[in-house]
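Here's the structure, in structure tokens; my notes come after.
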Amino acid sequence: MSGTFVGMPSFPTAARGALADETLRGNLRYATHTIRDKRAKAVAELDDWALLREAGKQIKDHTLRNLDRYLLQLEEAVTAAGGVVHWAADADEANRIVADLVKATGESEVVKVKSMATQEIGLNEALAAEGISAYETDLAELIVQLGDDRPSHILVPAIHRNRGEIRTIFASEMGKWGRAAPDGLSDAPGELAEAARLHLREKFLRAKVGISGANFMVAETGTLAVFESEGNGRMCLTLPETLISVVGIEKVVPTWRDLEVFLQTLPRSSTAERMNPYTTMWTGTTDGDGPSAFHLVLLDNGRTATLADETGRQALRCIRCSACLNVCPVYERAGGHAYGSVYPGPIGAILSPQLRGTGSEIDASLPYASSLCGACYEVCPVAIDIPEVLVHLRDRVAHQGGRGHFLERAAIKAAGWVFEHPGVLAAGERAATATRKLHPSRVPGAGAWTNSRDLPPMPPESFRDWWRRNRSQGAAPAGGRKDDGS
Amino acid sequence: MSPASPSRDRILARVRAAVDGAPEAPGPARTYRDTHTPEDGRVDLLAENLADYRALVHRSDEAGLPALVARLLAEHGSGSVAVPPGLPEPWLAGTDVTRVPDAPGTTAAELDAVDSVVTGCAVAIAETGTIVLDAGPDQGRRRITLVPDHHICVVRAPEQVVGGVPQAMPRLDPTRPLTWISGPSATSDIELDRVEGVHGPRTLEVILVEG
Amino acid sequence: MRVALFVTCVNDAVYPATGIATVRLLERLGVEVDFPEAQTCCGQPQYNTGYRRETVPLARRTARVFDGYDHVVTPSGSCAAMVRDHYPAMGDSAAAAFAPRMYELTEFLVDVLGVTDVGAYFPHSVTYHPSCHGLRLLGLGDRPRKLLNAVKGIELRELPGAQECCGFGGTFAVKNADVSTAMGRDKARNAVSTGAEVLCGGDNSCLMHIGGVLSRESQPVRPLHIAEILASTEEEPWS
């Protein structure tokens, strides 16, 4: 396995492997169900949750509508506070900017805070190509990096690994990257966390360059915020001499006060805590405290294209809490890797095809990777109507061409014609019921259904025929159209 | 100054084109609460929520503080303590452990050898069990509350304690470096189960000083 | 009050007993029900598969068919949700005007008729699956449960993981058949674990999917639409 998603098969194909992996199914079920119940409790503590959710949505919508203004205000504030702002239109440009900044420091290793944006652009691989080692310091990212694995969850990238697998990875791999895991390491989470502490501490203490993303950027003050739990974020954000933050342009909010909404909704939605253990907020540079050089790389990489879509742009409200993943029955069974993107789950199914386009097999299949059950929308703290965007993107995929969709379109047209002509529909139903004794419960050509499920038996007559025989003379009131349209 | 970049203009132009003609979106209504807690319940709730996330909570009056700080350092077996430049003198008056003053030149590696740190705070939030540090004189540079494994934080109750997050915002200056702390370092990265103690101080003790 | 039945295409062709039960139930409660025979399909399968523009003529047509009725009742949460949630945004004024007159059966009983005890008799053990569209889009809440609670002789059993999707999802069931089946199996397992004789729901398409799994696995639990339970009486019991 490697760190990239190029050439991913379609979602149904990729999901098949995950479904067959009993360990993976068990890991995902346990983890998602645990957090699901906790989130519900944490949210129920706030009786104004619906109002906070609405405020979060409004802040994001207002910002997106005026994004140019707030980005310029942010740039001005960050610059005034001693930071340097860079603009990157795509992944290549962002990677180039970061690599050049690191090289300018003369360093060949960096410590990283978990960041979705840098995952999205493949920064670690780009830095490695320039001879720069990037060390992930978030526990789950460390597990993924040491295991030469791919992330499968936004908040907990190693959610697909259980404690026993993590123990094995630590025991065999840590020594190759630095301080080895202690002898006799058990699979107790406390011991595993201690092993990570010891392994990473030497890296934190000598690091000269830190790389991060940010959860929020405040336009009026130039303040950036990183929410985390372990303290690895604080280490990377305060100990190095140079800090480089790569942040999507949609992460800006207008005012300092706007953070009071997300400080309440993000922790409860993501880790189901009243508050995450650590949040670091910094504005440019501060003399004698923290990095003396701060660079902010503002990243587009498909975001402006997403912004241009009237229905799809709501995906840019996302604050990466991952509540939608944790409640999603499809994610729970298919696992994160099947989504072929650093953004898995329901939000990934609407974000990846917008950021990357629907040209590839995996991206064209993602909008269909949902039963539209609506659980994601219900828990989303910024009220992204994910089912609405999924259906919207299906429309885009269905009409962009391709043989499969050509046949489907023809079938839909034919069905439309039948539904326009109830007489034809009734005749078809009669033909089906007349031959019902001949219908097997496994029908050739209907394999996608009948491989695993029986078809219901056909009834002796349709409802409309029953109605004609029993009701259509007497009970019907006057009015209504009685024509059968044929 | 930002480096000149053609991408800056390109991104801004694309943003403008993307929302051109879209209806104006009003700002937030802010109909949510600024607190969920009655004023007289705040200090108790803070203590409860801190403890819920495995912080050790102690209550004291001003006169008892030096002895309490001394006892906590001793119980932790600390031989050295990092001291912010403006820490009130009496707080450490009861102990003779080695004081390591917070100085610009102190390296992280040096701090790694320090056992404890004692600070004040800027504000504490009852509903979330949070203390916020703003690098004020009684708190020092961010690194001294990060590298040592044992953090003792003194909160003046009730004056430094607010109910909800929105009440904390106007008390904080975002141009200062801020660290929001809710319990000791923790992780949920193994099976989404919370365990305490990774990179930050694994022991957080909060002293609520009343009266 | 002029009331029409929108039976839905799936019920018409595959589950006529649900339509018949709905008619009998409503008539027993004194409602005169009409069935405009020009009705066909609300367009949900096409719409949710990505053929929105192809759905608009069907929506317009459905709205025209039910023109003049005060209330239109359907024994399907998802078809009701299709009309109520999506018709207003289709850019067709007739479809938009029709949307608020569409009621899911349990909603019509509780909110419009104001009844929870419909005089039903059903001496069997039953577990209830609240389908997603009824639960989350329509917000049916405890209406179905109130109706079932009032049924004489019934023994209701709690379905573990009740609020989780069964995995049907329209064309999802075939486009992502493996994931759909995995979800269906979990739902079926939960239903079997209750030991109930009957798995009851308000959407036959979900029941078709769960029932298909139950049948393939030779499980004794019988899927049944809530209309058929509510229509059952001591004089004319369900069989």
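In order of appearance the chains are A, B and C, and numbering begins at 1 in each one.
Assume a contact is a pair of C-beta atoms (placed from the backbone, for glycine too) under 8 Å apart; a residue touches a chain by one contact, two chains touch by 3 or more.
Just so we're clear, the structure is a prediction, and the values are computed from it rather than from any experiment.
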Chain closest to the middle [Cα centroid of all protein chains]: A
Which one of the chains is farthest from chain B, going by Cα centres? C
For chain B and chain C, let me know how many angstrom lie between their CA-based centres, rounded off. 53
Quick one: chain A and chain B, Cα centre-to-centre, how many Å? 30
Roughly how far is chain A from chain C, centre to centre by C-alpha average, rounded to an integer in Å? 32
Footprint of chain A on chain C - complex, ascending: 2, 4, 7, 9, 11-17, 19-20, 23, 27, 32-41, 43, 46-54, 57-58, 61, 64-69, 132-133, 136-137, 163-165, 167-184, 208-209, 211-213, 215-216
Seen from chain A, its contact residues with chain B in the complex are 27, 30-32, 34-35, 45-48, 51-52, 54-56, 58-59, 61-62, 64-68, 71-72, 75, 79, 81, 84-89, 93, 137-140, 143, 155-156, 158-159, 162-163, 166, 189-190, 192-194, 196-197, 200-201, 204-206, 218, 221, 223, 229-232, 234-235, 238-239, 249, 254, 256-261, 263-264, 267, 271, 273-283, 286, 288-290, 298, 300, 304-305, 307-308, 310, 313
Touching chain A in the complex, chain B uses residues 1-3, 5, 7-8, 10-12, 14-19, 22-33, 36, 49, 53, 104, 108-109, 112, 125, 127-130, 135, 141-143, 146, 164-166, 168-169, 174-195, 197-201
Give every residue of chain A touching chain C within the complex, in rising order. 11-12, 15-16, 19, 329-330, 333-334, 367-375, 377-378, 391, 393-399, 408-409, 412-413, 415-416, 418-420, 422, 425, 429, 432, 441, 448-449, 451-456, 458-459, 461-464, 466-468, 471-472, 475-477, 479-485
